[in-house]
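In structure tokens below, several structures.
What follows is subunit A paired twice: with subunit B in the first complex and subunit C in the second.
Right after this comes the complex of A and B.
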């Protein structure tokens, strides 16, 4: 319902009345039209100079302090830094790293028969099925058959428990897969690599140094022991 | 008013023999007044908050005391998760998986005090953000504290004002010591909208035995009339999974490299690589497991704790 402004004015609420009056007053002031010709120039009745244009707000520039030198830029790959510090402890000569490095043409590759000597426990040999390259955390997967049961072992190549890794036999042709998991299938299974390793260790014992000879002999001795144990179990 | 004890007039001497004050009479142990003589205490204005007494348990100081066991003595720092690797122990040959965290220009931007803000806290910032990408109020905040604009700002509450380092101090990786335990808080990886089996580990429905098309569904959402024929609040359902804050507690610090800002902790930390991680002293470990560096004023507390 719309009513005229006059009728809406109530005398009970003075606040509203004043507010309405104020609005109305403002409008009235701006709606005022003045006949300029009628007003004498010497004494203007009303000062109708336009109000000053609103000043453009200019923001004061806020200074910012310069950044400090960044550690990110200083050390862009912290993981590599941590790994490098570990590497100097675990592989000071860099021989182990070279053995599995891609740039080394003589490196161990998948399909090769590897022999891993350990600090505690007997050595393990098998076909390398996978090389998982993760810097200091690099591991290899070897597969062999012990007592006609397929055995697979993961070894971390930089682990202090691994005292040596030797390439017993290289694959005749480069493997065309990165991971030779197909060797788990009976069709492709190489079976036991014990015979190949035994021949290798015998040759090494004959040709190699005293240390190597000793290693090989101990290896053969250990193997014999295991075989004996196996036989005993069977009986 | 307790019931009056009946008077036995025979045992009590006559009134004029009694002491002058009638209030000391045994039968009138309760103080009796005439309203018109003793004015009641003036009623406080309902707008006068000072007149209202807050119960002691609800006072700010007691509530802060109650909560103080959840607060650390020192502030935490902000770091970025850089990835995982492993460390080997040369002697035992043991391999320890670890997470590499890196600090970048982690600085105290401002401190909050009990007097001014109601609690003690340290505002820590990390990284750098161009001043062109910051609004003016925040730019002013950095300017006042004389710190370069930061990429991330996080507040760490501390127990007392002894734990407030000077504003502008850079918190380096050496804030933590090798061997101490820390808590790492970060946002874990978001999985998006995940079904109930993935989100809550339900076992789903069988693949066969007449089942068709419902193998991973959530099943029933609740009972019928017995439980109100409605879905109860908090019912586990499919929905957004991950992307929430997660704290991994009691991670041992394995390596610290102040120069490169590297902190290596044992085990894993939630979140993807490059995520922001808040590292703090472990809340569930005794405070003085290792000799920690403290702000200057905190030396006294450390001595007490050691004794």
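Right after this comes the complex of A and C.
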């Protein structure tokens, strides 16, 4: 049987009993000074955490950064800006743009026979079936027959590889479709346009030299006029 | 887009007129210009107006391949649009091929018809030199 500690305590050792009691008493006193909440949380009695800070509200200055500069305000339409910059780079004179612009009454239209001269490779001619207007990505679809096989080529008109586009023959009547895909059908197929292009290139070769001479003459005449004007002003 | 069962025109003088693709070699996609395929000759080209019993002999003499032969071929034209490096796109009205043997030499000695310029990149210079025109 187990007996309580008190009964087992020998009566002769009162001194030790009192000593134990004194230690216990000290602890008790300590417990009363402890924070009640800390004790209730079954924390170790000798907690060395610092006491909670006094709840006096001090205004700490938090550094606030200004909002980042708005890219939208700086450039409202970046894609248009890039397109414009590319256009000035690829088509500095604007001649190519004018050749396919809607506002130009003399522009190349679907149904016309066009000749595309390239930097590397032979020129390709064909009936323009479609003009896909997309800014710098504008392309034209040409159809021709080579060795009795129909061939269609898409060319980007602002491509650096395309050195020149010429209108060989205009369509007699304006096409009433934007896309002449019906020309793929045998009934509407124009066949080869080589003969028309050959005649055109021969005529152009003849006129080209004469035109160049005329240009040179007119240039000289203009120069003379300018000189005369200059002289007049001096006098 | 040349794939299984596609019928192609054969544009050389090997004797085949129409061939059928039965395998696109070395790739999982459809064949383009310059790709090598295996074909079956479906229709023979008949040379000359011979129709008599003697004509049969001359046909077999002129034709290097017969109907039902299995041969290798190179695609030279596709009706599917093919984009080039410079942004231009080429499209032909038909699908066409040239028969070759296993070492890559063309079986025919002449080609009639335009071929795609992509053959140059794919090292088919022999076919390009035979062709009357390339684009």
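What we mean here is this: the second predicted complex is superposed on the first by the 135 of 235 C-alpha atoms of A that agree within 3 Å, B and C clash if a C-alpha of one lies under 4 Å from a C-alpha of the other, contacts with A are read in each partner's own complex, and residues count from 1 in each chain.
In this section, a residue touches a chain if its C-beta (ideal position, glycine included) is under 8 Å from a C-beta of that chain, and two chains touch if they have at least 3 such contacts.
Here the structure is a predicted model, which means the values were calculated and not measured.
Of the two partners subunit B and subunit C, more subunit A residues are in touch with B. Using the contact criterion defined above for the overlaid structures, shared-chain residue A:151 touches subunit C, although it does not reach subunit B. Once chain A of one complex is fitted onto chain A of the other, the partner contacts of A:124 are limited to subunit C, with no touch recorded for subunit B. Contacts of A:176 after superposition on the shared chain: neither subunit B nor subunit C is touched.
In the superposed model, A:159 lies in contact with both subunit B and subunit C.
In the superposition on chain A, A:102 makes contact with neither subunit B nor subunit C.
Looking at the shared chain after the overlay, A:57 reaches neither subunit B nor subunit C. Residue contacts after overlaying the shared chain place A:184 against subunit C, while subunit B stays out of touching range.
Shared interface residues of subunit A, touching subunit B in one complex and subunit C in the other, are 156, 159, 161. For subunit A in complex with subunit C, the touching residues are 121, 124, 139, 146-156, 159, 161, 184. Every residue of subunit B that touches subunit A in the complex is listed here, in rising order: 80, 82-83, 85-91, 93, 95, 98, 100, 102-105, 107, 128, 131, 134, 136, 139-140, 142-143, 146-149, 170, 255, 257, 259-262, 264.
Within the complex, the subunit C residues that touch subunit A are 77, 81, 86-94, 96, 112-114, 117, 132-133, 135. Those residues of subunit A that touch subunit B in the complex are listed here as 59, 62-72, 74-75, 78-79, 81-83, 85-86, 89-90, 119, 134-137, 156, 158-161.
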